[in-house]
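For reference, the structure is listed below as structure tokens.
Chain IDs A, B, C and D follow the sequence of writing; residue 1 opens each chain.
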Amino acid sequence: MQQIVDDIAAEMLSRPDRGKVATYIPQLACVDPAHFGISVVMEDGTSYNAGDATTPFSIQSISKMFTLTMALGKMGDAVWKRVGREPSGDPFNSIVQLEVEHGRPRNPFINAGAIAIADAIMMGHEPKETLAEILQFMRFLSDDDSVYIDEKVARSEQLTGDRNASLAHFMASFGHFKNPVDKVLGVYFHHCSLAMTCHQLAKAGAFLVSDGTSQLINSKVVGPQRARRINSLMLLCGHYDGSGEFAFRVGLPGKSGVGGGILAVAPGKASIAVWSPGLDVVGNSHLGTLALEQLAEKTGWSVFAK
Amino acid sequence: MQQIVDDIAAEMLSRPDRGKVATYIPQLACVDPAHFGISVVMEDGTSYNAGDATTPFSIQSISKMFTLTMALGKMGDAVWKRVGREPSGDPFNSIVQLEVEHGRPRNPFINAGAIAIADAIMMGHEPKETLAEILQFMRFLSDDDSVYIDEKVARSEQLTGDRNASLAHFMASFGHFKNPVDKVLGVYFHHCSLAMTCHQLAKAGAFLVSDGTSQLINSKVVGPQRARRINSLMLLCGHYDGSGEFAFRVGLPGKSGVGGGILAVAPGKASIAVWSPGLDVVGNSHLGTLALEQLAEKTGWSVFAK
Amino acid sequence: MQQIVDDIAAEMLSRPDRGKVATYIPQLACVDPAHFGISVVMEDGTSYNAGDATTPFSIQSISKMFTLTMALGKMGDAVWKRVGREPSGDPFNSIVQLEVEHGRPRNPFINAGAIAIADAIMMGHEPKETLAEILQFMRFLSDDDSVYIDEKVARSEQLTGDRNASLAHFMASFGHFKNPVDKVLGVYFHHCSLAMTCHQLAKAGAFLVSDGTSQLINSKVVGPQRARRINSLMLLCGHYDGSGEFAFRVGLPGKSGVGGGILAVAPGKASIAVWSPGLDVVGNSHLGTLALEQLAEKTGWSVFAK
Amino acid sequence: MQQIVDDIAAEMLSRPDRGKVATYIPQLACVDPAHFGISVVMEDGTSYNAGDATTPFSIQSISKMFTLTMALGKMGDAVWKRVGREPSGDPFNSIVQLEVEHGRPRNPFINAGAIAIADAIMMGHEPKETLAEILQFMRFLSDDDSVYIDEKVARSEQLTGDRNASLAHFMASFGHFKNPVDKVLGVYFHHCSLAMTCHQLAKAGAFLVSDGTSQLINSKVVGPQRARRINSLMLLCGHYDGSGEFAFRVGLPGKSGVGGGILAVAPGKASIAVWSPGLDVVGNSHLGTLALEQLAEKTGWSVFAK
């Protein structure tokens, strides 16, 4: 396995086609596209790292899977009153679908859905408290207290966050919000600004490998059914309008972020995190996807294989 | 396993909530909603049947998975020039998406996509020849020469097929069609009218259980990668606008039809076909889905479990 | 007035910017873009012609105003059950709106609306009979028996008419059609293929100048209220997605066709027809619009002026 | 004329069908639906009032015609870089069209368009200054210093203004805004809260009757071409998704507001304001429209008549 990840990292670090770094958040635009990291954490906790696996990056939308997990823990199936669980067939920040479906986002992984989840997990608390709780959850899952929220990125998001503010006010106009729009956006922008390394992220995803119980931290995070369902949501909706493509090519549940990270899960096998800042046209890491495709090919990992 | 399918069949046959039989095709409207059948064909070929497992029904859109398989065999990846592989986020017969994406259907399982696939597999041949080829393929896969095309259903579809004619002419208006619209529709309406039993259908799906090679007929139908990709397409797009729901609840790749049938695949485990004519609001078999959900729970089969 | 139309014709014939001739109907694509004609028929019947005012051209969608007039004569306000009377905000052949509004076109001047009107005026008759009636109406209004239907253009439209066939089948799928789709399309393609000169067309529009009574043929064609309403529909919907632009620049009710003709009405003043085959990006005659803008400026004709 | 307006007022005050008062702004919801007022100001300044013609009401979107006039005065045709001039075919607060057309509203009378106009007229000034200027303009046009902005309504709008905030942030996300979103919204909510009587409003619209010069205040407000163009925009877009209906039934340019007011213009004849708080399904005054329809019938005023 170490050989496999080393080979993949070597190829990815040397490829000239690196995609385009996200530019709409200035703080992300200045990240060097030359980075590539990969971390594979096996079900038993053994780790294989290569490339920039221990460099922190902005996990962005990957955080949505974790806030969904928190929301399910707090509210159970009542979460599905706030968001649906169908692929959207639209870009990540589309507002059209919201209008058609009266302010209920199609799934928790498009921006509108994740903002609704942020509102749901606040439960009347202040942003500061909610963010402390999120941070604690991420440090617990990754077994690493150095996970942090990058305030510079959060501020940069807030300054350029008109599209997300538009989505939030739109949902609020249907009376769906329990907290003030600006506070909900504060929580959202900050959890998207979580900085983690591939290795931390792969460890944090370990509970989805083993039906909800992370062998790494020796802890049941969610029950088996919920773990499967989160995997199912990642497979169907984890890569925005490129979810079909990712399932087709990689065949594993995964969640991507515009920071260039992808967390993927091979049930019963391993949790995998990759990072390469350059994105493809639909906003997913170009080399990250390619790396996962190669890993899936070399290991035979696929939820669709016998 | 026999106990499991017997229990499921007994419950499903007795439940009062049976969904609503599709009415837009008169020949389907007269099917008795009291039917329920289930057939589980294990990887090694062992079969477990219960209820109306040997009563033929109209497989309708389930046929789309088989015509896609044929198209991939004939054209390889050139198929993806004709159709995409993303979930649509729209009902099965929506035309809106077609307009936005210039006549290229989002995936091969919405009606427009399957009509494009029908055009692709004709390759200049007459409908009669193409249909003979499809029928032969279905008989080969199910190892049963009694599979047939129900002409009455086909005629009924043609008489009420204005929406599909609209989709076909729409695509043709972009110059995408290689054959005359009415001939393509003839092929499409007829392959949707294939009549099969649960048992035949489960056998026909067996190649997807074992990375492309059906142990039942001892034959490599497609290669491993292609088998996985077909499974991936079924999981993401196999139940129209209810694909996310099916993946969430059942956790297996599957393809449904408005005749009330569903073919599901548990890789490495079994091919499963269920049939109950009553549909839910998005057009998938109400009790069929429930039966598969119970089967998945009782067996632990899920592509998302360890 | 003769001086005005002469000046306009002279300028338009010499301008290098001529727009682009419609290419999707092969028979239209071969029309020489150098043509320009203008005919002004005053309320009292006096005519002023210049340029190619007596060369026949394909009136295309301008015919929709006349078939609407016929439909109102046959069915009265029941017409509005078939089509709406709001601007569409979409291109002339969009199908999206049809889906949203369950097969009822927004107005009688987009293609779908005109096809629905064609179905309405057939009233169970054969295409041949309906077309004879339309032709008779046009000859009566223009007081000229040389008006004809160009069979070559009609055939060319039929051969390339997949988009319109798609619209028609789409509406038929809602059960809105009283006649077979192919017969309705036959009527539609043929009335769009009416060949008329600017002079004939301006005469045919004269009834809208004088509250429904054409002084030219000394005949009450429609009542005053209906005449105003037809004018209102032309102003709001007569130029597809460029209707606002035309009202803004010209300020007169008008109906354009992709053959490059425009019929405009200055109530109480004159009926005006212009023709120049080159179109602007939304499909209206580029120089025809400019000519009408100049005419409106020079005469002060505008429904919005005191 | 006095007899005509008296008759209309008498009928309208007594009719039981009064539409439904707008409820989404609490301050508007408490207006008594029993009101009806009408004021006709002839070109020469003579006035005919009846019913509640001198009771102030919230003019709401009618103000958009006046802010557009101001914007044209400040920026000329550069206004059209910010907003289009086509009917929208969508409800007044739709966001779908904005997404399709990259944040440029279709016309200045839908909410998004008017918010963009509010941004345009601010020109870097504070809301307070801009609002003072608007108020001064309205008092000048109506020749009445008692016109005021209802602060209670403005606050009520701001508190329930999530949809408009969504539209504004959406446009801002394309970089189209020159002023901070919250300040632009402040201007917008306040100018919508202008309180005027039918009589004041009819006087304020007088400049559109006479090619831009109000004989009432003896002042050229805009040039003839601009006056016609504003009339044209009102006719095509002044009643949201009911503009076609209003043009069809009334035949005059007009602008409605959800406070139940409508300002209509009969060029060369009169400026007319009506008020009845109950709305029809698309958000236009139910009895106000009916009253204008009757007035148009009795006087023969229609831009479409000879």
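Here are a few things to note about the model shown:
Throughout what follows, a residue touches a chain if its C-beta (ideal position, glycine included) is under 8 Å from a C-beta of that chain, and two chains touch if they have at least 3 such contacts.
What you see is a predicted model, and the numbers here were worked out from it, not measured in a lab.
The minimum number of touch steps separating chain A from chain D is 1. Its C-alpha atoms fitted onto chain B, chain A is found rotated by 180°, rounded in steps of 5. For the self-contact between chain B and chain C, the two sides draw on mostly identical residue numbers; the shared fraction is above half. With centres taken as mean Cα positions, chain D sits 32 Å from chain C. If each chain is reduced to the centroid of its CA atoms, chain A and chain C end up 55 Å from each other. Chain centres here are Cα averages; for chain B and chain C they lie 47 Å apart.
The set of chain B residues touching two or more other chains is empty. Those residues of chain A lying in contact with chain B across their complex are 43, 84-90, 97, 106-107, 209-211, 224, 227-229, 231-233, 235-237, 241-245, 247-248, 251, 253, 267-268, 302-306. Those residues of chain A that touch chain D in the shared complex are 94-96, 98-99, 162-163, 165-170, 172-173, 181.
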